[in-house]
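Should a chain be cited, it is by its letter among A, B, C and D, assigned in written order, with residues numbered from 1 in that chain.
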């Protein structure tokens, strides 16, 4: 039972990761890119939790999902604030409009 | 839960043997069915109670045509709602428009999963019950926000945004206040918190120390705001936003929103009862704790306390005028959150100094008891 | 017996007692001054909670007896001495029966004064600032009381000095107030310098300034053989410590600052210059009592105390200012306490500290109420106020009875015990007769001038009818009269002793348990007097009875004579006896102490020295050392400038040019698409992985 | 009790969510699908009996991040802004939700990643580490919430405090960034008046 669940969740986290990469490459909307990033983070968190559970590893393994969630929350706040500010300045959410530092 | 019932049946019918998971599924299905139906009826009766109590407060008679004292009014309303035409306006985001009321209702029904109606009558005795309940209320926030957004209407959008910001903001004082009680009870499980309290009022966390006493009121105010009840019903303020986030909804979808709101009020009152008012503690009369009579008594007491709070919620609605948006936000961030934080620290200091004793115990210890 | 492990929470409570007013100070410091109610109520509430905690501490300590203490040290910071031994400077808490009793007194008296201040300072311009200072002061005093070693005592000591300075100069628009605050600050500094020297010497010798260590060192005679500057070590250190007491407790010859300190607001006079801060000197003397005793300084202390008591009492006789009389009487009573230390009456001296704090605080508050009502401080313009201010009058009568030593009042109990002990000592040791005589004379004078104060202020007929008519009729007001009446309640002797004299001689209550004060507070080591003459119980007993009778008679005589004279007249002696004019002239000039310090000591001795030092600084040091350094630096910098411009700059320019060149190449990699960047980084990571693994 | 049921439901929800995410060209719908993915991962945690993680996932992601995302979408013009970039330099850029060329590139990259991950998954030693010792019996052990709390409060207190500091910093920075600057607008107005 547990082996199957572990395999299932590992594959699930692989798919999540791939989907995140896909979203990052396929979208130009700032917030859509951000959604892709969230998928990447979730994939790694799921992987950590599954391994720790399946092999009875030390409980510190469960801290990684928690800290990933913390980091994601902080990241969400700052990134979306930047997106909003960007939109106020440029009236666009297109990543290619961030040209201030472009050579 | 299913193990409790299994052992209970085995007490009387020792031959009772069933396959484990189908039995568990059956029990769960039955009880989930029971709870959902009871809560739907509670919500329906709440609409009736709201109308009747408001009528009482405003010196009117209220509904009195359908059934004795108009008791069946809510059934008539429900039939009317179902028979109405389900209008989906032009230009709405159809997917989200259809999903939003369901999301609300699902969120609310999920929150009944952990309520300890009696000592054994808990569907899922989670370790993180309080946290779970507080988390689910944001799910409802998402539903309301999506409903407001998808309607493609200015009123709805404004209502949805207001509701979302309100729920997210008032989540904070509420969580901190719940944390105060968790600190006292040293556990997140609702059954655990209930068992830490007693039958009598001086055993309740409400009168445990001054900080919890203040906390209760903070919780109550934040709960009112969280469920969009008056005087915090800005998302559906009739005078400003027609009807807020459910302006464009009709028929059963509208009823879902209303149902969700009434059940959520019930859930928040129930959480208040568990956290502050002693939960389902009942005198045992020397009986075995698993005795069926005790379970019924506990359920009865739990519902009685909850309905008492529900009455106060309705009373408040018909007494106080509505707040402005800026007043709403400043109430949350400038008053409730600091008070809640102060309470948290104060309660921690209280526990540290008095070794977790309540005021009652301290008073008793003065008399050498 | 150390009970710090039994009751670890006592330390937290003691810290809370001192920290709560300090928190109030910090918070009030940042609250805008216009929130007066908030600031005053915060200060009062914190001191009230402190008072509750200290009451709890007292109640916890009381059943444990007198030799129980609570002690804990924390290293504040540590240094390495020349031999690389760590010298740690600890901060710590020391609670024993004396500390908790003093905590109780200070917190409740301070609370009463806080409450009174809300009445007295109402409408003042710097109302909020006053409460800020009051909180800081109370915190410092409480910190001093719970301190475990002389270093932290010194810190809080100086903090109190600062508060005293600020509050004396509270009305800084008036020139006199500013000068008085400077005078108080500088005069107490003289004592403090010696105090600090004593601390340093003790630290150097013992490596610790902890009270317990000091007591142990004295009891084990570890320091008795050592000398410093040719003087026995303990004598020198004890003398320096006592000089700290002299400065803080306004003993002769450093008593000159206390009368001028009356420029401050009356509640602060009540708190700082009557009840607590000046008593801190006596508290210090009691704390280091074993050192003083081992240093054979007691005779000197007794002489200084009795002379102070006598001189101040005589000066109080001719004062016309209400607060000035009280100021001199404070000095006189402090002299009694020091006399008590000098005659080894440890317990009685501390008892007098407590009783004096209560009745003197009450007297000052009453004086504040009178001044606030009639808007003058001159007693010659008062009279007959008993009808207008009945509650204040009642409190004044109680306190006057207490300070004069009328039986059944607290002053009689404590003062009589000091005089009785002194008499007993003098009987055995003839050198102590002058202090005894001066003490008894002062007892008479005290009764006389206090009754004069009472008579001139409250009795008789109004002398200035206009002022009298303007005076408001007093009604019972919670923040004016309740503190007064509460304090005056505690002028009764029964709170301190179950017997009339505090020695269990004339018993009011039969059980000896009522002599709680005597049993509760004991010196850390048994005194030499006890060791030498302890067997003479009979004599001790009889001399106490005799002393009590004498002092009671003197008190009654003084009060009676004074009331008889001054309830009708304001002038009596100077108009009848011409030869007294010289005496009055001496007293008016306060024995020329101020004149001596100002004209001779400062102007003739310190000023020339100062001028010489200034000349050295300006003419020699500035001109040659400093300016020469500057010139050298200037020439060096011009040299380095040349090197910088010609040598280093060209290197910098070269690096900039090279960066420009390479950046032109690298720029082509950046086209602004984030996905391409990501892809490039992936490819790079893949290549790295291939190389590494 | 329904051990076989929850993992299937969770993975079904997640897979449905990510496939819908990949096909959706509507940013608000994307957000809702993301919500589904989060709920699915929460269910996955729940099926591993990690209640605390599940509820944290629900609260922070389901409630917090999705809500902020929706707000951000509202404040950046919502779904209507599907046009090409307005920048003159980047006139030929792809539309906001991507075009065919970009999708093809993304597909290639993501399949390479998927392949690599699955490959590493199967060549790793973990699946040969038999027998499994899953923490199936929870009644005898202390609850996860309790032990996590002990770990966080004792061994890893510093990192815990640091993360709270990080969150506070993020909050302040977010508030500071998203606040419109008044001075700039005034100066722009003055410039317009001059012109």
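Note that in this section a residue touches a chain if its C-beta (ideal position, glycine included) is under 8 Å from a C-beta of that chain, and two chains touch if they have at least 3 such contacts.
Everything quoted here is computed from the prediction, not taken from an experiment.
> Could you tell me which chains are in contact with subunit B and with subunit D alike?
Touching subunit B and subunit D alike: no chains returned.
> Among the chains, which one keeps its Cα centre farthest from the Cα centre of subunit B?
C
> Calculate how many whole Å lie between the centre of subunit B and the centre of subunit C, each centre taken as the average of the chain's C-alpha atoms.
Each chain reduced to its C-alpha mean, subunit B and subunit C end up 59 Å apart.
> Please compute the C-alpha centroid of subunit A, do the same for subunit D, then give the distance between them in whole Å.
Averaging C-alpha atoms per chain gives centres 4 Å apart.
> State, to the nearest whole Å, the distance from the C-alpha centre of subunit C to the C-alpha centre of subunit D.
Distance between chain centres: 64 Å.
> Tell me, which residues of subunit D touch at least two other chains?
Residues 56, 64, 71, 90, 102, 105, 109, 144 of subunit D each touch two or more of the other chains.
> Give the residues of subunit A touching no fewer than two other chains, as numbers and ranges.
24-25, 96, 99
> Subunit B: which residues touch two or more other chains?
none
> Provide the residue numbers of subunit B that touch subunit D in the complex, in ascending order.
Interface residues on subunit B, with respect to subunit D: 2, 20-21, 24-25, 93, 95-96, 99, 126-128, 131-132, 134-136, 138-139, 141-142, 145-146, 149, 157, 161, 164-165, 168, 171, 188.
> Which stretch or stretches of subunit A touch subunit C in the complex?
Against subunit C, subunit A makes touches at 24-25, 33, 95-96, 98-99, 102-103.
> So in the complex, which bits of subunit D are touching subunit A?
3-4, 7, 10-11, 14-15, 18-19, 21-22, 27, 30-31, 34, 37-38, 41, 44-45, 47-50, 53, 56-57, 60-61, 64-65, 68-69, 71-73, 75-77, 81, 84-87, 89-90, 93-98, 102-103, 105-107, 109-111, 113-114, 117-118, 121, 126-127, 129, 132-136, 144, 147-148, 151-152, 155-156, 159, 163, 166-167, 169-171, 173-175, 177-178, 180
> Quick one: which bits of subunit A touch subunit D in the complex? Just the residue numbers, please.
Where subunit A meets subunit D, its residues are 1-12, 14-19, 21-32, 34-35, 38-39, 42, 45-46, 49-51, 53-56, 59-60, 62-63, 65-67, 69-78, 80-85, 87-88, 90-94, 96-97, 99.
> In their complex, what parts of subunit C are in touch with subunit A?
667, 670, 672-675, 678-679
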